[in-house]
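In what comes next, chain A is part of two complexes: it sits with chain B in the first one and with chain C in the second one.
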Partner chain A sequence: MLSKSLIAKFAEIAGKNVWTEQEDLMCYAYDASFGEMCVPEIVVKPETTEQVCSIVKLCCEESIPLVTRGAGTNLSGGTLPVNGGCVLLTTGLNKILEINTEDMYAVVQSGVVTSDLALAVSAKGLLYPPDPGSMKMSTIGGNVAENAGGLRALKYGVTGDYVMGTKFFDMEGNAVISGGKTVKMVTGFNLSGLMVSSEGLLGVMTEHTLKLVPQPQSSRSMLVIYDDLMKASVTVSEIIGARITPATLELMDRFTIKTVEEAAKIGLPTDADGLLLIEVDGHPAAVEDEYAKVKSICEKQGGKVHVAETPEERDRLWEARRKALSSLARLKPTLILEDATVPRSRIPEMMQCIKDITSKYSLTVGTFGHAGDGNLHPTILTDKRNTEEMLRVEKAIDEIFASALKLEGTISGEHGIGSAKAKYLESEVGAGTIRFMKKLKNGLDPKNLLNPHKMGL
Partner chain B sequence: MLSKSLIAKFAEIAGKNVWTEQEDLMCYAYDASFGEMCVPEIVVKPETTEQVCSIVKLCCEESIPLVTRGAGTNLSGGTLPVNGGCVLLTTGLNKILEINTEDMYAVVQSGVVTSDLALAVSAKGLLYPPDPGSMKMSTIGGNVAENAGGLRALKYGVTGDYVMGTKFFDMEGNAVISGGKTVKMVTGFNLSGLMVSSEGLLGVMTEHTLKLVPQPQSSRSMLVIYDDLMKASVTVSEIIGARITPATLELMDRFTIKTVEEAAKIGLPTDADGLLLIEVDGHPAAVEDEYAKVKSICEKQGGKVHVAETPEERDRLWEARRKALSSLARLKPTLILEDATVPRSRIPEMMQCIKDITSKYSLTVGTFGHAGDGNLHPTILTDKRNTEEMLRVEKAIDEIFASALKLEGTISGEHGIGSAKAKYLESEVGAGTIRFMKKLKNGLDPKNLLNPHKMGL
Partner chain C sequence: MDELLKELHELEEMMLQCMKCGTCQSDCPLYRTDGRESSVARGKISLLQSVYEGRIEDAGRILKHLDQCLLCTRCLKACPSGVKTDEIFLRGREILRKIKKLPKWQKLILKTAMEKPELMAKMAPLMHMGLKFGSKKIKDGIYRPMLPALGGRNVVEIKSEAFVKKYGGLNKAENEIMRVVFYPGCAVNLIYTEWGTAVVEVLRHFGVSVYVPETNICCGIPAASMGELEMFRNAVRANFDALAEYRDAKYIITCCPTCRYGLYEMGPKQTGAECPLEVVDILVFLEETLKVKIQSGVRGRSTIHFPCHYQDSKKELVESFVRTHTDTEYVKLDNQSCCGFAGTFSLKYYERSKGFSRSKIQEMKDKRTDKVYTPCPGCAMQLADAAAGEGLDAEVTHPVTELYEFLRKIK
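Right after this comes the complex of A and B.
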């Protein structure tokens, strides 16, 4: 518990945007991950960068752990205040400062909601491509801190690919500026690159300069239905192998299809074993060519191709995909969403591994995800009060991660390490990397106050 | 001077690949920048990563400054051993370890020559896009350490955009692994991002996993001649403003055109005030569309458009551009090549600034460069023994940098800071960023042995 005089200091900085009552604190004791409750001691919502700077300095002087939080949609425990301390909400810093259509960039504060930016950019005839599943709630700052992916990552890349510059405060309250408004810039260390996927451990970000791109002239969305999920996953490898890069290439297994259909009544084929959702975009002639090639590859594998003929039909298809997580979440009290990722050609092998492992441990699993990126989301439905089942869940996750690494993949494609995956990190990167990360963290935050203990640091 | 026993320890590690004679050391006392002679005490060329590790550990134990060097084509003094010590050549680590056409990546050692990789990749039907001007000599390790740009950066991005993973040794000799073979990966800090443009200050890189892309199906190159350079630069902004992204969009001023033509006899129009070299690529229909639009924009500004009709003609055009630097270098003993960069729409203003400043100080200047990126290369020809002129040169450079910053640009688009631009860095990034960089460097290399004093650190 913080002393009254300390709380008063926070109030001096942020006025009424300071919370210390238990019922308020509880709201920030969880994120979207499967994690234990971690109650902070104080929550503060600065509305100016000067306030951010003062809060950081106060936490530093008083050695208070400081956890930066956007919308809390994190899936790896990244925003859980495991050491208590202060939760700094970025949602008060929610201004889009500039959308430059000539030089195609946007400057936004960290608390801007991703879809708000996407809409504002789209209204000006441009595209901000990163579209994480949580984009209607998630903030740009959180997206950068986690290097969020999304449905369009296959062709357009992830959040980090759009970060041209970042402003942040380090743990001493120094204002750090990295990158900027030019498409090329090599002045000093690549600090905006370092802040990407830094998970709140290295500084408190306040502002981001983000690359925008022209909107595609044309696109085509299709739903492809398979009576055998493995044929869907082989299709994915064959499309990539044919040098076609769709904007989106998503997969859903039978269980997910059924669950989404029950929840959302979109008209999905509940008797299918798997489906692909594919969108190609670009120049109209290129789109027609790619569509024809993709269709032929799908049909060769036995897929039945349905093309969205209207914008409404297209929206309905993508709604189906975006509802996957929330639909699955309705079924059981605890949902564990993983994001092990493999090189794209290994998708069929990884699908088989997930199937074998989850059936070996008799678990309820829906698998969907960004198959085109090699990034699947096996989603385990369970109840954390069922300790016997939780043991099986843990074993299955261990084996899924081990399989991904064996296939030259990674334990996390887009959700990050946070507290949820900290214990697995060394198995992927080795002891030398962990030592290097510790030295890096220690050099920049010697008191270990910034989101302590995440990534095992 | 190193002791005999210390030299023997180096020889124990690297056998005959150790040099300590003055005439050998002199070969590594310069790079391609305008810098003072800096003679190392020892040069060593490891041929295995184990040897690299042992050399790093030896330097750490004995507190010997360690400068990693590829081909020495650096333009900012990045590889000058300003504190003497050991120069570690990466050229003995020159194996292309894997080219994976299915998952589209290459794994290469740091000493691989950029164009060797480009050719090997091209032979397999894929493209490694980054093509720095020095690619026939430069190494991949150097390209990553400097985040090298190139002619294709406008559409395809710079070296850093292709780094999926990097292996390196930190100053204690820890093996650090970051990133890997999947297109998405967020396991721990973005260390491969941090190593991009780290200029040898944070570790000794040995291996890189690089993204490859499909080759474009079609392309069109054109030469556009202007009787007024300003109209060429307005054309650049208009092409970008029309949402067209050519693969390449290069500019040359009258002085550079004349100099290249005198040196290379390619048939350039020596009476032109400026020219643009433009290539559009992609799907054949998109190429034809973009070509028609680009042609019309050029002609609206009074440009005369010549399209390369054969592959030979195309090669001749790009040879003209690639010869710009070497042709200018023939004219005077000292060449100072700058790379101040501005947001693309500010190119006409920046062109005017360069013209005004260099004429104010009566300097001989050829300007060419990646206009589409906002990245110009005003190249000052002088003689460093002429101290009076050198004072004017210095003032002109100060003013060029100040102009770039005023236009929301940067002092370095692609050459890095090294020793040449260290004194300008703070004017761009501010004191807080410098402090952060110092803490970062100190945490990872407390003895300041890795390429000491570069970036002012």
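Right after this comes the complex of A and C.
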């Protein structure tokens, strides 16, 4: 519990946007990950960067842990206030400051909702490519902090590839400016690069300059149905091997298809063993050429190709894919989503591993993911009240990550480490890297106040 | 308290389906204005869970958060996990209402409205007079009451004679092709009586005889939204019993989507009883069953506000109704959020609710529309208040009234 005088100091900074009642605090004790609730001591929603600066300084002086939170849609426990303290909401910083169509960049505050930016940019004939599944809710600040991926990441890359500059406050409240509006800029350390994937451990970001690109002139979307999931996996490697980079190349297994169809009712083939959602985009001539090649590769593997004829049909397909994760939550009380990622050519091997692990521990697992970039989301359906099953779940997760690393992959493609995956980090990056990260964190935040204990730091 | 925890626990299976993914944020009108978790479904579910898991001791404290919900069901429709948010929040309010009782005067008004419908109808002339004497006339049919408790709200006139008093019984059509029951609901019975007239007369014109119940029993939704779920269930049962009497009627017609939602969707879920006939909105009935083809020749620039409880699948039908049955130039509103009326929400949180409707009126001003159609009397009251408040001289009405005016002229 914070003292009354301390609460008054927060109120002096942010006025009525300060909450300390039990019921308000309980609303920030979770995020979208599976985990125990962690209750903060105070929640504050600044509306100006000056307020952010003052809050950071106050937390520093009074040694209050500080967790920055956007929409709280993250899936790795990154915004859980494990040490209590202050949750700083960025939702009050929600202005799009500039969309520059000549130099093709946008400047936005951290709390801007991703799809609001995407729509504003698209109204000006440009594209902001990162499109995480949560884009209708998640904020740009959160996307940068978690380096969110998305359905278009295969061709266009992830959020980090679009960050040209970032403004943030360090734990002493110093304003730090990194990067800017020029295409080339090599001034000093690449601090905005450092902030990407930093999960709120190094500073509180307030503003971002983001690269925009021209909208593709043409696109084609396909739904490809397979009677054997492994053939779908092989198709993915073959498309990449044929030097074709679709914008999107998504995979769903039988289990996921069935649940998504139940939730979205868009006419997915529920008797299929697996399906691919593929979109090629770019110059019309290139699109036609790539489409023909992709189609023939799919058909060679026995896939039945259906092309979306209208934009509405295409949107329905993509919407269904975005809802895959939460649709699975219809079936069991607890849902644990993993983010195992492997080099693309090793997708079939990874799919086989997941299949084997699932049957070894007799669990219910739905697998879908951004197969084109090797990013798979095996999703375990369980009930946290079933302690015996939870033990099997934990073992299965250990093995899934071990398999991903054995195949030269990673434990997190796009959801971050947070608290959920902290224990696996060293197995991927080694002790030296952890020490380097610890030294960096300690140097910038000696009292370990910024989102403490995440990534095990 | 133990009993209460036990009852909350019964909601556990429904609430566990919520994986806290936050999808509800994108569609929640309240969250879109304040960005706070306590406004959005995910947050409210966490609060309920915190009570029965013992993290919040004083359960009464969370009622205000559950109460601040428009029951617009946008989260219900958007939720990929299929969480039944409307059922959870209605039941949650009911359970918590046991700790924090409604103030006695509110309960008395609610009980009168729910359980003494004849008295309500009889009081209409009194309310009519009271409103006229205690208010300032803003424009025809719109008054600003002097009572400070109403916060400068502009209200639509309460009529001196209840609709059912005039139309109660069978309104027979020449060349009758079928019979239906028209369920007016409280707002049409006492305030928008002209909508009721339009519904009955238009139906008669097309050969449909219309039963109007002699007594209008409220659908019960106001009670449900205030946490008095048992009162709601009683109202639903009373309605089902009364409506079952019309044995030769084919449908129940309504011009209030909230009444339809109460009787046909939430009512059966909460009571286990079935509505004796299918409840169909008047516009859907005219388009799909009667397939009317008529052009009314009304001019101007119009727009439509879609009520939250209007069936999503029928929204295009309303647009096509306005396009084909009026000659107005139709402009779509970008702002498709709730109008803010939301049953009793606007009464409880007027300042907040005002923001929703006024932003719509602002868009209407920008788009130079002089008419807003809405197939819901609650929304119409809220928008009429906002239009008067923002000084926009726009007509707010139900599309069926245009058709009636036209038919009257050509007769």
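Note that the second predicted complex is superposed on the first by the 457 of 457 C-alpha atoms of A that agree within 3 Å, B and C clash if a C-alpha of one lies under 4 Å from a C-alpha of the other, contacts with A are read in each partner's own complex, and residues count from 1 in each chain.
The rule is short, and it goes like this: contacts are C-beta pairs under 8 Å (C-beta built on N, C-alpha and C of every residue); 3 or more make two chains touch, one makes a residue touch a chain.
All of these numbers come straight from a predicted model, not from anything done at the bench.
A.B. asks: What is the contact status of A:A263 with respect to chain B (first) and chain C (second): first, second, both, or neither?
C.D. replies: Only chain C is touched by A:A263; chain B is not.
A.B. asks: Mind working out whether A:T91 is in touch with chain B, chain C, both or neither, as first, second, both or neither?
C.D. replies: Only chain C; A:T91 stays clear of chain B.
A.B. asks: Touching A:L325 in the superposition: chain B (first), chain C (second), both, neither?
C.D. replies: So A:L325 only meets chain C here.
A.B. asks: Mind working out whether A:M437 is in touch with chain B, chain C, both or neither, as first, second, both or neither?
C.D. replies: Touch partner of A:M437: chain B, not chain C.
A.B. asks: Is A:I177 contacted by the first partner chain B, the second partner chain C, both or neither?
C.D. replies: The answer is first: A:I177 touches chain B but not chain C.
A.B. asks: Just checking: does A:A286 make contact with chain B only, chain C only, both, or neither of them? Give me first, second, both or neither.
C.D. replies: Touch partner of A:A286: chain B, not chain C.
A.B. asks: Given the touch rule stated above, what does A:Y28 touch, chain B (first), chain C (second), both, or neither?
C.D. replies: second
A.B. asks: Spot which of chain B and chain C makes contact with more residues of chain A, would you?
C.D. replies: B
A.B. asks: Taking the superposition as given, does A:S122 touch the first partner, chain B, the second, chain C, both, or neither?
C.D. replies: neither
A.B. asks: Do chain B and chain C touch any of the same residues on chain A, and if so, which?
C.D. replies: none
A.B. asks: Looking at the complex, which residues from chain A come into contact with chain C?
C.D. replies: On the chain A side, the touching residues are 21-24, 26-32, 34, 37, 39, 45, 71-73, 89, 91-92, 94, 111, 113, 115, 134, 136-138, 263-264, 323, 325-327, 329-330, 333-335.
A.B. asks: Give every residue of chain B touching chain A within the complex, in rising order.
C.D. replies: Spelled out, the residues of chain B in touch with chain A are 100, 102-105, 146-147, 149, 153-154, 158, 160-161, 170, 172, 174-178, 180-191, 193-194, 196-198, 201-203, 214, 237, 240-241, 243, 245, 282-286, 289, 341-346, 370, 373-375, 408-417, 421, 425, 428-437, 439-444, 455.
A.B. asks: In the complex of these two chains, what residues of chain C are touching chain A?
C.D. replies: 13, 16-23, 25-26, 35-38, 43, 46-47, 50, 55-56, 58, 61-62, 65, 79-82
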